[in-house]
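Some notes on the structure that comes next.
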């Protein structure tokens, strides 16, 4: 299939290459021409264009354009512009980290013009080129059917992962290949958002566990109560036969094998929106989500020095007990 | 009543003075003689002794000794020593911050010798000399009846605080005067412990609220979304007619009136054991206590730089996304 | 001052009466005429009208209308309608539980017409008629100066609450009377929202504490570890001289004096929006708010039977361990 | 190697069979003879005895006895009894779910008699017979060297799990085979305990995520905001190429493939001690562990109807606002 790929950063560039390797013709557009040229060299049968007009002109109808830009204003602007350039039956795909509420809004606007909007939540990070991308997408049936060949090429496929027991024929066979039509526009990014929320919680669970084990050897405890544990070996042993193996644990083991002290990591942990939106969704639904929330708050706290809240605690303690707190 | 007061720190010293002002004869013992002399000067009819032997000798039977020492080993040692010096019918009072489990254990040992053990959870801090001390105590009926005059003198009394509606005569009238026999040995410190757990949660609730209001004016938000709020005025306005007035809010208002930035407070918040024991009790009883726990964890986190857990989060993020986190 | 009061429910009705008792002329409007008549009988110099047109017609310019309706669509519609009926210089007050973001939006729309919008966060509940209402409000200076006499009458005043130490003349003297101009439109409801967030946290802190004390007597513990504590007496004793007295504790004491088992309360705890918005604000500002969040999640959980999340936990436990969970 | 296996429940029985299949001679002891006979039939070269005396008598010196009994009193009694029957150089292994503090205590007592104590934290559940058991163990070097052949047979081995990148020769090669000497007695159960704590957190992360996705289709939201998502397909798609695959996710997928409603699961989630001890350890070390704690509290809450805490919240809301809460 011939399609346009707009945005060739770490994600978009690798996806274009993977698509080209699977025989698709990818028309490449990036803010910086040099990046397009670099991807072009790796992507058979690809072409490079310099602006949106040229991108649209290069594609047969129905035109398919995959937008893979930083979420927020940049993507918003791109979708809006494309909405004014495309025609009935064309398909715009947003593969970035958009909030699902924006998808719902955009799809409605584009729908009025007969343009299809497909939101694709994409997981896989820097590993996707080789492993494939797990994709959760939303949009109408006609549009997602049309782009199925692209999605299948990007997806990891069934691979050597054991099949789920009792999985019946009533379930969607694409899910086993690592891509899934979740529902109408917005539902793809919604499921991807929850995926990230779960990711936050799992990461925090491991992080707490390793912290508790490491501090068991610290002078916060009387010497006779300490254990001096080897974090790298523990991460490793859990990878085989325990209840908690996972890809995230593999990554812990990788990092700890290099340096059990993790001394090159500072620990100011970023967050990219999905965790916040997951909690917002939980609150809208009145669903308790204490673990995902605690994981997000830990990240917030990690990025600042002592907070105003903590100073207020000290102020109260000074008020009732004359306590003066110093490091 | 004649009694011994062992330990004349900020709490014990003020209590001795308050007792003396209410007509009790207090025999004073402190590690440092100079402190005893200072309290002696403020405490009518008091006497000073230099060691436990002299303290015991100075008291009529049944001897009543109030131990007001730092919790932990110091108190443990003192109670053990007194257990070997006192006789059947004598009364040892631990007024410090002892864990209730230690009370239960000690009371059992002393009971075998016929010595009464009373644990008194005491609240009031630096304000107690004037305001009186709220006391929650445990022990057998005979012992607590005997020391009732002391407790009544230390308690704040009914004061000008409005009476609780519908409070029937089946309830303990001492509670209205600010002191309460909670049950057998250990129950006093148990109730005091939970008091402190609640205190942690309330303090944290205020602290979070003020943090959210203050950060509403920070550059974490786009300029058009900011409010520049006056913390001192807000604390003040809430003191009258809102749902959340409390003594802790009064203390917030005091601190904020001096400096809305709380700049003299560093925010490394100590904890003194009761919060930890409260959570331990909650876990033993399978009672969810998310707020008290979150309050304690905030204190833990406030006292360290980036944790090992946070570094592990960064390491995982680096592993799957190539993210490098910097301040 | 002559003003209109639109909405005479529990809050608006009492406020109208309090205003009338302080000499203001209140024109009353309510969906149900009978309610207006009832308030009229209690409110000296008041008048009753039957619709918004009559309300607007009855007021001198600049017209002042206090809207005290259920938050959400009802209030939204009323403000919109008034925006079309009022003129330059008139003042619309929203005294309900509106989200501050709606205030910001509305004020902008009305501002374009020269109409002032004042949002008043009002605390005091069923007690306000006698105690007065704590009010936090936002709007431009001209408007809030004009309505100051109304606000002063509604406010509790300085009363017999001790003055805050070191409170300087640089601070707003109205705060000491229980009402405060917080900033531009929206800031009043913002501060009120955080007040409610704190309220959630404090309530939960007390609730957890009492739960831990009560369960200390339950058969979840071996008999020798139990204490059979009297909740009513403990709430009472804490009201005098402890660190945690508050109005909320007074309410606990009231309820427990009637029935320590709280058997008439079912425990499905509602939430009215402010807690949710507080957390939303915290997340937007990247401020950790674990206590307020935990308090909200407890309420969510209280209103349902076993959740889908809990079933998923059981399903996983069955999967790895063959555990079958039954009540 | 010849060894005794005391306790042939689900774990001990399977372990005995796995050991026998690897050529070890296992002397079997179980409270119920019939169970021993059943295992005997599956375990080549095994023998059955009827009491501890016979078990001890049947083994050559140094005698090795693996105790695999329910944790708590039963195990405690067994270890104590064996301590009186064994001699210098013999080895007692506790493979159950013992709290590490008990291990430390026991090892000290046995050490005085020259008896070795090894604690083995064992993961693998009902799957271990085929998959092998991930084991984390503590004890002195001499003892763990002696029993290495047993441990290697029980362990899963390196299998087809990819090797960790950059894992150097300075690290313990046994970890890659799924078993690890963590340190002195107690350290094995400590690491296993933290493993379970992490497990709690991960399970809760998944559970919250699925709850949020499912409730997105519920009538808690306005109809136009709902997505009707297929839980089974989503669990499946995440198994390939996402960031959150894990064995626990596989189990979710298994359960959801059978019934997306999980209707056969009631959702009263048990806990078996390790989560509690993990939090206790975190608190002792002053390490924040909000996620593991929230996961535990969710389980507590899942097992009861409305709590006393929730009733107290309702009572306060009734007190200040006249709110009456009903289902």
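Each chain gets a letter, A, B, C and D, in the order it is written, and its residues are counted from 1.
The criterion applied here is as follows: contacts are C-beta pairs under 8 Å (C-beta built on N, C-alpha and C of every residue); 3 or more make two chains touch, one makes a residue touch a chain.
Here's who's who by UniProt: A, B, C, D = 6-phosphogluconate dehydrogenase-like protein.
These numbers come from a predicted model, not from an experiment.
A.B. asks: Suppose you list every residue number at the chain A-chain B interface; are over half of them used by both chains (same) or under half (different)?
C.D. replies: Over half of the interface numbering overlaps between copies: same.
A.B. asks: Farthest from chain B in C-alpha centre terms, which chain would that be?
C.D. replies: Result for the farthest chain: A.
A.B. asks: Where the CA atoms of chain A average out and where those of chain C average out, how many Å apart are those spots?
C.D. replies: 39
A.B. asks: When the C-alpha atoms of chain C and chain D are each averaged to a single point, how far apart are the two points in Å?
C.D. replies: Computed from C-alpha means, the inter-chain centre distance equals 47 Å.
A.B. asks: Chain A: which residues touch two or more other chains?
C.D. replies: In chain A, the residues touching two or more other chains are 125, 204, 206, 208, 211, 215, 243, 247-248, 254, 284, 286-290, 294, 297-298, 301, 303, 307, 309, 320.
A.B. asks: Quick one: in the complex, what on chain A touches chain C?
C.D. replies: Within the complex, chain A contacts chain C at residues 243, 271, 276, 279-280, 283-284, 286-290, 293-294, 296-298, 300-301, 303, 307, 309, 320.
A.B. asks: Help me check something: in the complex, which residues belonging to chain D touch chain C?
C.D. replies: Result: residues 10, 125-127, 203-204, 206-208, 210-211, 214-215, 247-248, 251-252, 254-256, 262, 265-270, 290, 294, 298-299, 301-303, 306-323, 325-327 of chain D touch chain C.
A.B. asks: If we count contacts the way the header does, which residues on chain C are in touch with chain B in the complex?
C.D. replies: My answer: residues 123-125, 128, 131-136, 138, 155-159, 161-162, 164-168, 171-172, 174-180, 182-184, 186-187, 190-191, 194-202, 204-206, 208-209, 211-213, 215-216, 218, 220-221, 225, 227-230, 232-250, 253-254, 257-258, 278, 281-282, 284-292, 294-295, 297-298.
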